[in-house]
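Chain naming follows the written order as A, B, C and D, and within any one chain the residues start at number 1.
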Amino acid sequence: MIWLAVLLPFLGFLVNGWLSFFRPDAKRAVSVIGVGVLVASFISALAGVVGLAGAVHDAPYIVHMWSWMPVGELQVDLAFQVDELSAVMLMVVTGVGALIHVFSVGYMREDRSYPRYFAYLNLFVFFMLVLILGANFPVLFIGWEGVGLCSYLLIGFWFDDEAKATAGKKAFIMNRIGDFGLLLAMFMIFRAVGSLDFLEVFDAAPAAFVTNGPEITLITLLLFLGCIGKSAQIPLYTWLPDAMAGPTPVSALIHAATMVTAGVYLIARTNILFAMAPVSGAVVALVGAVTALFAATIALKQWDIKKVLAYSTVSQLGFMFVAVGVGAYAAGIFHLVTHAFFKALLFLGAGSVIHVMHHAYHHTHSGEDAQDMRNMGGLRKFMPWTAAVMWVATLAIAGVPGLSGFFSKDQILAEAFARGQGAFLFYVIWALGAVAALLTAFYMTRLMLYTFHGPNRTGEAEAKQLHEAPWVMTGPLVVLAAGSALGGFLNLPHVLPGAGWLEHWLKPVTEGSVPYLSEAHLSAGLEWRLMGLATLIAAAGMIAAWYFLKPDRLGAAKAAPAEAGVQRVLLNNYYVDELYNTLIVRPTDWVSRKVLWRIIDMGAIDGAVVHGAAKVSRLLGWIGTRFQTGNLGTYVVLFVIGVLFVLSAVAG
Amino acid sequence: MGMVVNLATPAGLFWGMLPEIVLTGWALALMLVAGWRHGGEEDQRFAGQLALAALVSTLFALWWLWAKDARPDGIALMIALDGFRYASSTIFLLGAIMTVMLSLGYVRRERIHTPEYYLLILFATIGMMVMSAAADLIVLFLGLEIMSICVYVLTGINRRSVFGAEAALKYFLLGAFASGFLIYGIALIYGATGTTNLTLIAVSITNLGLQSNGMLMAGIGLLIIGFAFKVGAVPFHMWTPDVYEGAPTPITAFMAAAVKAAAFAALMRIMVHSLGESIGTWQNAVWWLAVVTMLGGNLMALAQRRLKRMLAYSSIAHAGYLLTAVVSGTETGAAAYLFYAFAYTLVTLGAFGVLAVVGRNGERDVRIDDLAGLAAKRPWLAFAMAVFMLSLLGFPGTAGFMAKWYVLMSAIEADQWKLGIILVLASVVSAGYYLPVVMEMYMNQPITEEAHQESVAVGAGRWVIGATAALLLLIGFFPGRLMDVSRSSSDDLKPSAAFTLNAPTGPDAGMASR
Amino acid sequence: MLLGPALGVSAILFSIGVLGVLIRRNAIIIFMCVELMLNAVNLSFVALAQQLGTDGQVFVFFVMTVAAAEAAVGFAIIIAIYRHKETLDLQNLNLLRG
Amino acid sequence: MSGFLASIGYGQWVLEAIMIVPLLGALIVMMGPSAQAKKIALGVALVEFVLSLGLWWAFDQGTALMQFEVYHEWIPAWGIAYHLGIDGISLFMVLLTTFMMPLTILGSWNYIKEREGPFYALMLVLTTGMLGVFVALDMFLFYVFWEIMLIPMYFIIGVWGGARRIYATIKFFVFTFFGSLLMLVAILVMYYVVGRETGEYSFSYRHLLNNTQYLGQWAFWLFGAFFLAFAIKVPMFPFHTWLPDAHVEAPTPGSVILAGILLKMGAYGFLRFAVPFFPHVALDPTVATIVVTLAVVGIIYGALVALVQPDFKKLIAYSSVSHLGFVMLGIWALTLQSIQGAIVIMINHGISTGALFFMAGMMYERRHTREIADFGGIARVVPAFAAVLTLVALSSIGLPGTNGFVGEFLVLIGSFSQYPVATAIATTGVIFAAMYILLALQRILFGKLDNPANKKMQDLSIRELFVLGPLVVCIVWIGLYPAPILRRVEVSAQALVTQVRGQLPVQAKAIPEEQQPLGKFGDDK
């Protein structure tokens, strides 16, 4: 059944791809196929997972397709592995994926490349499934790069806009930098273990590596480099905000719910390796915490609704890395799942808003930015459903008790705090996370206030066009809202009844790492206190936003004054893009063009050596013919010189 | 063993020199005919046909002797009877035949109505055959001079051409000058060894231990100088471009192919047969000559814009390659020479034949660019020229490659791999001037619509061009037979060791013994 | 025995001939110098033949014959060039060069 | 299938046939009417492909010995023979050649408009020449083929090429000629050195290979000569500058053949000759360091220079330098994975870069420009073209699931155990590759369709689909299921590794005495 779940999206891609060339107007067929394969895939995945849950097993269920790269001791099969971890991911990907597909039917309805869009989306799901189901590193890598490809294609979906195409390219290249690390990690693993199959590697790891040794540390750091690229952590996070150039459902699916969390998945998958390398774990956690805070600060000052969410995603991913970094793999996956719900919901809600805004501006032929929050305001009057579900998601992400985000985020911070007893660093990480959580509550409230509350700033004519999105769009939102609200019950804290279901479910995957992890247990009291603190943080953030921000006084985007000082720095993402441009991109271009091509290639090799040799030959020949004066006297002189030369050669 | 000829008897001498005698007879007859009939176009053609008949019949006489495998009774006095002579004489005769064939149309076009033209070719050929047959320095000298004097005249045979006259004068003065060195060298060798017989020279050197004798070494040096001039080795090459440029084109081809081959035949025989054992005395000098000739010839050819002069410099370069074969001082070198000379004769005759077709008035001013677009107008002519250029370049699939390969083998067999490397580097340079010819023909458009209208190969000349191109390709792919012939022909060039030790020495042999 | 001196004189004569070819400009004089070289060699041959047998003497005759033939041809060529250029100064004969 | 092939005696005549068919075809093309030339040539090339396809089944993947051998005396006096054979290393070079030729001819259909007869005849002659290089088992014969296929290529570039074709051809010719002539000297030195030691003078590959131990001090210099010849052909940095010029000026089919097959000859030469002949030198730390450094420099350098090329064909050309750097790294790492990977890259590069050049040609046919800047946004008007170009480009940068990944992955994973640092640096090549390819894609396909001339571009025609279709199929097929190829190569690659690393003559180890082909041919003499 599992292979069916993988195959169906691929078939969808093929059929939709075919349609995009030959029947571009057959939107109904495309919708049916595009959504249908996802739903079918979800169902077959569900069947598979149910089967897995019911089965008595002590090893993951492996599906061998065929032998892919059999070369000597390197035996790589195209094989899928279904275990508890991939089951969770499977449900998220197909479930959330299906909802987003449904949403897309409404969102993309008027796009001229509708079949192409669904072809890409189906292809993405296919690769994502390959990623999470791959039974060895290379197969994972197919999915890993495949989703990157789809991300590239979908970010640049409206490729007529140069900036959007560039954003796609940037995403791909930054991902490739990460992939470089992943590749090297694979090489090192193969050299050490002689295999790339997950099961074999993880079985052999305790014997093959020295705990906390340089080799395992390097391997895990390289793996983490891959995660940094894929999951947009410092320093490779800048592609994700740019990736908002793609259609909003794409942002929801790829750049919030699924693909960007692949890094978290990878660390959870290779938990034994990371557990054996505590230094790497600390690095992961620290990078995660710093990213969480850093991105949250930037999100404070963004005006583009999607940009806020993008930085928020980066920040939330940071939380997940804190979790997997400190060894709380279940907590990381837990946050991954809840984040998939509420962030997909936020994006889709924002998509809904943008859709409507865009429609309105399009109707009046206005060139205003449909994504700028300064142009919105008071939308809850026009789009009550959207406003309501987005509030659910906002409360969840802000960490209001009872909602999913509260539990998952609290668990991460608690786990980090618990490790603080062993090393002070983890207290720092906890503190960073806590501040980030505070900021999260603040900027999310800000987003909601500016978008849905206060007076409407859209414009007189446009305001008449504003209305609620169609049911194909709001329907998925409602489902996701339910998930956002209730997702927390998957893994309740220890102090509550029915706690730790997800943690228990993932036990078979993570238990190999247990011996290497330091015992970290919080007393029930401390856990309660931390929960209380988290509640306070969420409340403080939201109240601060409510208190400080005055949506009533905000002007429309075109009338907005230029930002200054810290605000400008934040608005411009701390000028990191400019920094990269100056330090890396332009020097590379300059060196390639001026030094390598002009000086070395054309100058030194071609000019000096190749043409030089030719010119010297011609020059020598020309000099030789200068003796050919036509004058017998010259000839005789040379003749006599030759005579002396030969006679001396014979004598000597 | 084949037919044994006692060269001490008149009959033996007659049979031993049968080809030369046949050709001389024909030449005398032609002289008579020319005395009666000269002046008109018809007479000229008749003389040409007679010359052709003479050369062909001589070739058969030669081959008859070869087939009989005629050998001397004892050591070769005055005249050598061996495969090397037959093979090399065959090359000269083929060269002469093709020269005559090219000339038939050429002299008519250029209005050279002097029957002596053919007569001199015949006599020059006799000289060459004598050179390759010489077993004695006296005979060798005679052959050389017979050939040279005829060629001096042939160079200036077109009396209307001031260039021909100038070329002839330069050639003559320098040639005579070089002859002086050659004959002085012979005198010193004679003085040191007490003999002019090539076999006995080897014997004397070994028996008297003359390897480091000053007089001998000076003699060898002067001898090398004399030959270096004849083959056009740098720095004795100065006459070559001027003379090749000034002479009528078929004569240029004759000089580049047969004259050079004859000089090399004699040089090879002396170096391998007489001086093979004392290789240390001369190898260094020839080594350097080979190097500067290869590099100099190729580099200077690179600077040329005119086709005829380019081919002249290219022939200098090829003399360098052949000198490489000489450096080895082995039978393999001699065999390589035979193969190379054959291939080079074909390609030279062919290339100059094409030049004669595309040019007028001595072809001095045919520039390489003038060939532009020849392939479109005259595909077969261009194809033949391309084959010639690639063969000159030594490209696989042509005889030129096999020849160069053979020379390289001889050099490397003699552990002269440095020379081998220089040879191939020089070949790379040569690509710089052979390829542009092909490029102009195939890759550029004709300068005008009328270009190449008159470039039509006619009559026997067409056969020469066609046959040489075909043969070059054929030998390029199936060189086996020709290689066997080359090898077996030069097998007995080196006197056997036993023979060297047992041979009688004259009672008063050698200055150095005193 | 006068072999040594004879060879010495021969060498000197030969060198004079070479020198003459080197420094003179007139075609006929150059040719005379070449003849001088040939005759110098003849002197060597004759001197050596006294010691080594008749081969050398035979050689001398051939050299003389060849020299005669060369002279005939040579003068013909010189006359031909004179017809064209009306000079025998070799410095003026450089149409062919490069 | 193999039973059927055996029943028709396929193994006995296949090599003879595939060598002679193109030559006969060339003759027919020359003699037939010019208008029919391309049809005849296509037919011949297809026949050739079908003929050679049987090798896939007939090839015995269980042995490292030469198969399908052909032996005729050629110049017996020198121990030269017309001796051909195929093993796992050459098998796919042969198949690649015969596979590419029909596509190339089909791809030249509209590009070549004048002197069609000679063009297609040359293409067919070239086929024989290239096949000869890959199957020759006699050093003399190898050299002859090696050089002789320069000539058709020389004419193809020079006669049908672009504006600076003369410069490009002579550069191409002289570069190659220079290297190969030094190799010629080396071959002769080997011949004599081995001949003197063993008493048997022969240019036979096997004879020389089995007696390399006699080369002694010579080996270093001989290796140098071989290295130069092959490195120029590959081309390795810094011998690569002929390549961009030749590629840019060549007509589309010329570029395709040049990139697709000719460049493989250099790498093949290393695998077949330079490394096995001189294992001590090749594995010498200094030599290995130099070669691996050059390979890695080539990877990075080629990619970086490709990044700034304004001309699409030049960009592809420099990317070839980068790709072949991987091949060289794989060859020198000399592990089973890296060798196999190198061979797979050689196949891939033929397919992917061939396809890229086809597409560059299609762009040129439509717009008469190769400047990347002249395009932009054409994905809107030529969606099918854009789709194929994207796929091919992705294969070129080694996206997993395409052929490019398999080769690069195997090379890198195999090389890592030998040269970890160099491999790590080489791996950054995947980043730079993404940079230049995506930049090109973006500038050509994406962005605003603001050049009016581009608005009328035609999408792929049926004929062009037939050209690109097989390549696309191969890209995906090799990407997902390369195992059949890897298995066919494995034994030969393993034998090569064992022979070079173990310094043992491979034949002596692999099979019993009476099966040794040298003995078999000894009886013939």
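Remarks
As a working rule, contacts are C-beta pairs under 8 Å (C-beta built on N, C-alpha and C of every residue); 3 or more make two chains touch, one makes a residue touch a chain.
Because the structure is a prediction, the values reported are computed rather than measured.
Any chain bridging subunit B and subunit D, meaning touching each of them, is among A; the list is complete.
Chain pairs A-D and A-B differ in how many C-beta pairs are in contact, and the one with more is A-D. Measuring from the average of all protein CA coordinates, the nearest chain centre is that of D. At the far end from subunit D, in terms of centres built from Cα atoms, lies C. Distance between chain centres (mean CA atoms), subunit A to subunit D: 38 Å. With each centre defined as the average position of its C-alpha atoms, the distance from subunit A to subunit B rounds to 79 Å.
If you average the Cα atoms of subunit B and of subunit C, the two centres end up 25 Å apart. With centres set at the average Cα position, the gap from subunit A to subunit C is 96 Å.
Touching of two or more other chains is recorded for no residue of subunit D. Residue positions of subunit C with contacts to 2 or more other chains are 18, 21, 30, 90, 93, 95-98. Shown for subunit B are the residues in touch with two or more other chains, namely 170, 173, 177, 241-242, 304, 432. Pairs of chains in mutual contact: A-B, A-C, A-D, B-C, B-D.
Considering their complex, residues 3, 7, 14, 17-18, 21, 27, 30-31, 34, 37-38, 40-41, 44-45, 48, 51-53, 55-56, 58-59, 62-63, 66, 69-70, 73-74, 76-78, 80-81, 83-85, 90, 93, 95-98 of subunit C touch subunit B.
By the touch criterion given at the top, residues 17, 20-21, 66-72, 74, 78, 138, 141-142, 144-146, 149, 152, 156, 159-162, 165-166, 169, 172-173, 176-177, 179-180, 183-184, 186-188, 190-191, 588-589, 591-593, 596-597, 600-601, 605-606, 610 of subunit A touch subunit D in their complex. Chain contact summary for the complex, subunit A toward subunit B: residues 614, 617-618, 620-622, 624-625, 627-628, 630, 632, 634-636, 638-639, 641-643, 645-647, 649-652. By the touch rule above, subunit C contacts subunit A in their complex via residues 18, 21-22, 25, 30, 90-91, 93-98.
Across the complex, subunit D is touched by residues 390, 395-397, 401, 405, 408-409, 412-413, 417, 420-421, 424-425, 427-428, 431-432, 435-436, 439, 442-444, 479-480, 483-484, 487 of subunit B.
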